[in-house]
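Each of the next two complexes has chain A plus one more chain, namely chain B in the first and chain C in the second.
Let's look at the complex of A and B:
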């Protein structure tokens, strides 16, 4: 077991836990955002750098701080480690830089994109990024590719998080798509537009944090915030059949997996549930979904820094050793939040 | 028992001689009526005459086309979500190949309806629009005999290619400078940027 302190909150976690996982065990505002890390996919993480944190004390035995911000999804905790996330202005600034880099080649076509409203990149840019871009060159553009009948790949929007590749490797049998080319020219692709036709390929839509992989049966049907999510299940021979239905009026506009607080699918669902069962009579409805964090369906979802500070103060007060953390000046100043 | 002190006992007193003749009261009333003949009229003879209105008057909406004549609206739904009266509904469709001159973005509004009976002309739709597609104009919404006619579809709302609706008055210097700022050039399409 290792004791780790994240933003002044202490927790004891098993050895080998990453900082991100430890932060998620604490929960709340101190959890670093993650675009590529997916707890259900092995070897995911380490690509996007949004989960950067500052390690102000390496461990009990070696208390030196780490020289640079580290990716919390790939760094394991050490006993006595002290980590700063939202209490460090340096981390917030670094993260804003990462967001700007992610948005360099990302088209700002949110009014067109079906993911808008439940897009993690949108949330991230809103919470940590900047409204303006300094980039003046043409963004890279690709033709849309149909991966099978029901999935569309829009490479222009891709941020190279590799989640869909991990799904293809780990969830489906017979990997048919991956990353070709390198560096700036890297792109997700299939081998000569080969159709993905195994039972669980639709899960790439759920893991995609942006609108690069989208459901063709839902394409331009509705904006997310006009649909009403309910949890439902059915007796499915291939998967658990536990899904989320998105209603528009009386019609099921689309079917997705149930997502947890961090936008991750709780259970993988099969293509038959996702694409072919879009009638209320196919499902047993359990009740309305509690919507939070990753959705504009619930209002007041974007928390500003003043609320973050208030929340940290609350948490610090409840701890005996709360005074340890030195809140940075500027970044968490309530008067500074309008920036 | 009285709940309030406001109740009054009605006095039924006898009319005096002058009151029972009624004529003085009638003449007094007629004098007031006739005096209004010589006062300034409160009404105008619309539509021959029109009243002067403010430059930023918020009247009937227009869905703008861009310089090339393509519809700017991309059916993002932000106007509908901003609308406090829930007057706007829309249905999106995908642009096919060859329709690039008709629609600016790859998605467009197949159906776009504003219920003018619900609309309160607050202008929030205009403010929410990221594509500069919807504007309120200085045109007055015509009246009609049925409720159905007051639901304006695209045939009424989208401006005619040859008869553009002038909205320059509604684009304040702030808005125009925002449009020219290179940092905010994301409102333009890729082709626009190549032209510059």
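Let's look at the complex of A and C:
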């Protein structure tokens, strides 16, 4: 066991635990954000650098601080280690820098992106980013690629987290998915756009933190915040069959894996469950999903807009001829988009 | 004339070949080591010599060797990093094409000292003909019984292989080199674990530069203490310096560590002064990634003492007023050089060579290049200089491998010491024509954007 202090909170964790895992055991605000680390995928993490923390004391034996910020997802704790995350301005500054870099080549197409509303990059940018970009050059662009019939890859949105590559390596058999090219020209690719023919390939959609890999059976069907998540299961010969159904009205709009607090799939699901079983009668409904954190589906960030609209409405009523003045508050109505 | 250790026999005709090399004292260190020394004694000698890694970082070699894990039943590897790709550095190429047997003898000694049965020399793809030379030398050594089974009847076996890279700067980073050697994409690994614990194929591995490994030969031959007697302070022995730029005599020089920088630039023994009688403007002292220094700071430290060619003296003053010895790529710039153009060239290089694994380097290097490109085309603003400064600070120290730093340091140093030149460049329109000329000269096509 090792005792580690993160932002002044002490916790005892088993040896070999990473700083990020220890922080997740504590929970709350001090958990560093992670865009590439995925606890269910071996060797994931270390690439995005959003989880950088400062180690102000290496260990009980060697109390020297680490000279550079370290990736908390890949650094294991030592007994007596002291870690600064949100209490260190240096870390917050570094993180803001990383967020800016991640957004540099990311298109601002959230209004037409299927991931919007459950996008980790959106959350990250909302929490740590700046309102404006200082980047004034064209962003990199790629053609969309179909990976098989059901999955679409849109590299333009990719932030190179390598999670899907790890899925392809570790969950599906036969490596058919990797990275080509170098530097900011690097892209996720299959072998000459070959279809990934595998029962579990659909999981690349679930692990993608942004809208680079999307479910073609759900593309442009609905904004996620108009769908209602419901936990369900079925007797599946390939996987455990424990899934989350997203209802739009009475129809199952899409099927995904169940995700935990940190947006990670609890259990991998097979392509048959994901793409082919979209009738309520296919499933045993367990009940509505409790929605929190990485989601605008429940009450959330858009709450501010409602308050703003209410305030403008009040002012309009106080005007002498208020009912004749159009202040255009319709655009602020979060439910207005699909009316 | 300074003492020469590695290049002492460089002038001899045919030293490339085994028989001439042996006639001039070659492989005597190997005979001595195999007959009369234990591996531990060699490691001790290297420790005593105070030899430091010649690839750029300057980490004590003996200490690196002593970190090597030695679990039972697991093979260990010695890998020679001959992926010399730092712009401005060409010393390893010179050594390998002139005296390849020095490297091979060093590899056998190092492998013996560290208990490796298989060793590799990883040569960069652009050095194809150098790889041929080394391969020929290895064949000669095999034929003479210096490699293979039972070397010189000592019972020590070693197989030595040359592996050619595909031409990526990043593969000079030791873990990326190991990945590449394993046949994978040359991406740096996340450390820890360090190669000394889990390196090539997950086994304990030592990765050393060509010059470091070659230096093991004289250390074994004459003893660590004799090697340590050369040099100054903690910078022991000699160092190969690749001198290039606006000097009268560019080339590879072996210097005794501690030669004053001024002497190195102006004496006829070394660089022979600035070309065409111009004045010195700036020096990049250790390969393109180390901070550039203006004349007053490269010749003398901030405290006014003469700066010497040694690890400590060049680093004196930290990055505020100092630099690094690095890999010894000594690039001299005369008064006509534009630091802005020079920095653009460096930034373009690092953008091109970033591997794309971690976000600050992947995105930041491209961003810096684009801003410099914009400045170079006369569209820059004064705010761009501050932006460049900010971007480099967001890259430095935030990345997996040192490429991030290598890309950030030159930008930081150029702005730190030559901010006025950047501002002048941005304010003065006439430079624009000059840039077009520069593009024509270099056969570069249209701007990026």
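The rule is short, and it goes like this: the second predicted complex is superposed on the first by the 299 of 339 C-alpha atoms of A that agree within 3 Å, B and C clash if a C-alpha of one lies under 4 Å from a C-alpha of the other, contacts with A are read in each partner's own complex, and residues count from 1 in each chain.
The rule we apply is simple: a contact is a pair of C-beta atoms (placed from the backbone, for glycine too) under 8 Å apart; a residue touches a chain by one contact, two chains touch by 3 or more.
This is a predicted model, so every value here is computed, not measured.
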Have a look at where A:182 lands relative to chain B and chain C in the superposition and call it first, second, both or neither.
second
Touch check for A:66: first (chain B), second (chain C), both, or neither?
neither
Which holds for A:49: it touches chain B only (first), chain C only (second), both, or neither?
second
Which of the two partners, first being chain B and second being chain C, lies in contact with A:101: first, second, both, or neither?
second
Have a look at where A:291 lands relative to chain B and chain C in the superposition and call it first, second, both or neither.
neither
Greater chain A contact set [chain C / chain B]:
C
Just chain B (first), just chain C (second), both, or neither: which does A:11 touch?
neither
Contacts of A:141 with chain B and chain C, given as first, second, both or neither:
first
In chain A, both chain B and chain C touch residues 134, 138
If we count contacts the way the header does, which residues on chain C are in touch with chain A in the complex?
168, 170, 185, 190, 351-360, 362-367, 370, 387, 393-394, 397-400, 448-449
Of all residues in chain B, those that touch chain A in their complex
74-78, 80-81, 92-94, 105-107, 130-131, 182-186, 190, 193-194
List the residues on chain A that touch chain B in their complex, please.
108-112, 116, 132-134, 136, 138-139, 141, 219-221, 223, 225-226
Residue set of chain A touching chain C in the complex reads 45-50, 52, 67-69, 71, 74, 94, 97-98, 100-102, 104-105, 134-135, 137-138, 159-160, 162, 178-179, 181-186
